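There are structures below to look over.
Shared chain: chain A. Partners: chain B in the first complex, chain C in the second.
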Partner chain A sequence: MRLELKNISKSFQQKPVLSSVNLQLNENQVISVLGKSGSGKTSLLKIIAGLEKPDSGDVFLNQKSILNKKVNQRQIVYLFQEALLFPHLNVFDNIAFGLQAQKVEATEIESRVKAILKEIALSDHSSKFPLQLSGGEKQRVAFARAIIIEPQVLLLDEPFGALDVETRENMQKLFLKLIKQYGISALFVTHDLKEALMIGDQIAKIDHGHLRTYQNKKDFIQDEKSGVKEEIDFWTKIQEFE
Partner chain B sequence: MLKRTIHLVLITLILLPILVLMMLSFGEQWIFPDVFPQNFNTKTWLKLFSSDSEISKSLGLSVLISLSVAFLSTLMAFVFSKVISTSKYKNQYIKLAYLPYILSPVVLGVLWHYFAVVLKLNASFFGVVLAQFLICFPFGFIILSSFWSRHIYDIQNLSFTLGASTYFSFKRIIFPLAKPILGLCFFQCFLISWFDYGLTQLIGGGQIKTLTLSVFNFIKEANIFLAAIASLLLLFPPLLLLFFNKKIKFKRSLINTH
Partner chain C sequence: MNLKFTYTKLLRVIFLMLILLPTLAGFTYALLYSFGLTGLLSEGFTLKHWTETLSDFYAWKSIGFSLMIAMISVFISFWISLFLVLKLTKDFQKKWFHRLIFVPLCFPATVMALYVLQTFSKSGFFSRISYQLGFIDQIESFPELTNDAYGIGIMLTSVLMVFPFFTIYIKNIFDAEKLNEYQQLSQSLGASSLQTFWKISLPILWRKSKLTLMLYIIFVMGSYEVPLLLGRQNPQMITPRIVDKAQRFNLQDIPQAYAMALMYLGVVLILILVTSASFVQFFKRKSDA
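Showing the complex of A and B:
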């Protein structure tokens, strides 16, 4: 699997959101895309998923353009900031949704859903409705629903933004475990520096629609514009103050 | 104590007219100053089931007209509200939908009557259905416009990224989510049509005798016993609506997660 973005540009009401963005995501790789609110992160993900069209540029999956491919045929799952579980379906049916859409046999769906429910430690919650779950549990179900169909690429739009610190850390660990286990490539968008460093194999930074990809985490940390230095300075000052 | 008294007064006020109607429908020879009718029997009710009964014909016609209007209005309103939800003129369209309610229904009826005559739809079943549709469709459009929120589009988009086709997404996600509001819209449109008198009288030209028209006719003829039966039959759908409303509210509470 290889996802490639070539010269993607997008404007809304003549205001540029993305300017000639280039990106390459390889097999089993996780790239953290770091950026502030309004930097163009969500637009970038929506273009890859097919939910928005770029003004120019192309998106390639395994060397083939997918720009004119329908959203449901791209094998790219987009996880929104909210868990967005289907409110009228229970946990089991939420997770099984993608497999049912692909017309997988009922017996296989059952065994696969049960297996993933075990992975996310929600076996006892399979008949519960989203309203009956906590924020962290909802996100776990949303993950399982995305991962079970084994997409080529998983796009995550600040999925842990609304969670408390402890749940957030647990979710980050679970995400890394599952993504490696299922061998899925992912673009992980966040505005949290620590989270970006923890999750990504590689880091990219988006600012006012311009994307810069760093070769490795070391390059990113050493870059003065990355914000890492300010973060370290801040914590050093706090320590000195104490 | 006060709460209980208020409850009792309210229940009595609601049930008393129904009780009087029931007595009238089963009563015979209710002459002033008798408190109750002299006889109680099922004679008038049995007339309802006779083959040449005007009430049963009116009942059948009313059900058919109201079902047609409710179905057509809900379906069209659902499709149009979806299309217009992404338009930049969405708010203007919604304001426009209030137009039939700013105009008096009689004025609207007179205007539609001209077109009904030209299109040879006056005094016909379809003419009445179309006239009532003109009132119910904007109503349905206003109700259903609230359904197509950003949240619903996000959920739909998510289902697409999970591999669902437009049909599968509609069948498994959009329709089940819309079902409570569609049901509400259907029943409200049904009731508007069910109780309509002016438009039906005007466009139907007295040829389309719905149950509402029959009630007025029986009252005009001073046939209070048949008028009571027709009125009770008229009350049946609102009671049904109340029953379904409870169910819909329960379902909505389960669905509202955000």
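Showing the complex of A and C:
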């Protein structure tokens, strides 16, 4: 097992945000975490990344507790909703950042960055600065920057939320391709049902700080509380209306 | 539509007049004065005043001294402010704490200078306390912190006046530029706190604040009341030196005062051009390394 959460609880100003959350993420697995705004999704990811401390519970990576490890020593990359490319660095340097921080040799950095730039179809943009890129291009660079360091776990906090439908679909495909290619385990947070079903090998749903993980997608679809039924009803009604 | 267009045009003209007219008028007048083309004792075009000013060692020394004081003051203020913002992030979320930093900004430069004089001079508060506590044998043994040769008193006052503004300014940049998120992301990508500071926080902060820092260097460099109260005749900061020259009984010195003021202006302009280009290169090299 790659990542395990045991009884994670967190409150802000005595208001519980996460209540005894348990989760298991296997190697090369992607779990989609569905939840509305304020359901505790971001807090959950930040606790795993080490950006916030839980009130109780523990986080295990490869069977070892990482609760007291610093953010930069966890080998867990947290991707924000926004691409957050470093504005003073060009595309190449943005992608190379993590490798440079790990003091990887310059020649190796160059070959790895060039290879991933090819994967994300941005080879011609390596010397461009973030301001010169579109929203989709920025997200591709953000992805490449995270994946190139081959983290143990990748945490994605609604990364495609701000993209248009077409770019979003392209990004979802690219994400699935790269995540399998690099063999990375990931927690993918979204509020979009279709996206969750498309991306995740397994689905989890968070509601008012309570996390429920479904055994498989079929269980999730059959659960009346999952929201799938409402979605199907909606599209059926639309078709009838037409 | 036409009315709106005329109104906007008029506003632009007023804006340009307010910005350019006094500056250009002052500049032209100073230029004419320094070449002997105007003024009470004008004798027609001459390079005499410029030759004397450019070869005046003390004029250059004043410019150098002013620049040194301004750069050190702004440098210290910047780092104090940055340290406060980084270390007291949570405190700044409290309203009362955030408002407290505005208090020193209410003090006029003269009041702050007098406060520093009363507190840090040889006969001031700290000197007397040190004497009473037995740290020094006599009051005169207290180190020279005001009216001193290194401009410590001037720098102290400048720092006290500038750092609260920088703190507010840097805090605003942190919030507006999402610097906390950039820092978290950088560490999540494996960078240490130190790497994050040098490669991410500081370059982003510098990009946003370099112009303001430069303006404050110019502002401190041109201060008058503070060096007048806390400075010396030698070395003397440039503004009191220019005023000294302009207000002397010898009217022949006035053109030299104007020449000196223009020389100072030229140095400031060169400074802006050179530093803005070189610092960008510095950070680029640092992030490449």
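Throughout what follows, the second predicted complex is superposed on the first by the 241 of 242 C-alpha atoms of A that agree within 3 Å, B and C clash if a C-alpha of one lies under 4 Å from a C-alpha of the other, contacts with A are read in each partner's own complex, and residues count from 1 in each chain.
In this text, contacts are C-beta pairs under 8 Å (C-beta built on N, C-alpha and C of every residue); 3 or more make two chains touch, one makes a residue touch a chain.
Owing to the predicted nature of the structure, the values given are computational and were not obtained by experimental measurement.
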Clash-or-fit label for the pair chain B, chain C on chain A: clash
Touching partner for A:Tyr78 - first (chain B), second (chain C), both, neither: both
Which superposed partner A:Glu231 touches (first chain B, second chain C, both, neither): neither
Touching partner for A:Asp192 - first (chain B), second (chain C), both, neither: neither
Which of chain B and chain C A:Ala101 touches, first, second, both or neither: both
If touched residues of chain A are counted for chain B and for chain C, the larger one: B
Partner chain(s) touched by A:Glu150 [first = chain B, second = chain C, both, neither]: neither
Chain B and chain C footprints on chain A, overlapping residues: 49, 51, 70-72, 75-78, 80, 82, 84, 86-89, 97-98, 101-102, 145-146, 149
Chain A-touching residues of chain C, taken from the complex the two chains share: 178, 181-182, 184-193, 195, 199-200, 203-204, 207, 283, 287-288
Chain A to chain C touching residues, read off their complex: 49, 51, 70-72, 75-78, 80, 82, 84, 86-89, 93, 97-98, 101-102, 145-146, 149
Residue ranges of chain B touching chain A (in the complex, touch as defined): 154-155, 157-165, 168, 172-173, 176-177, 254-258
Partner chain B, residues of chain A touching it in the complex: 49-51, 70-72, 74-78, 80, 82, 84-89, 97-98, 100-102, 129-131, 145-146, 149
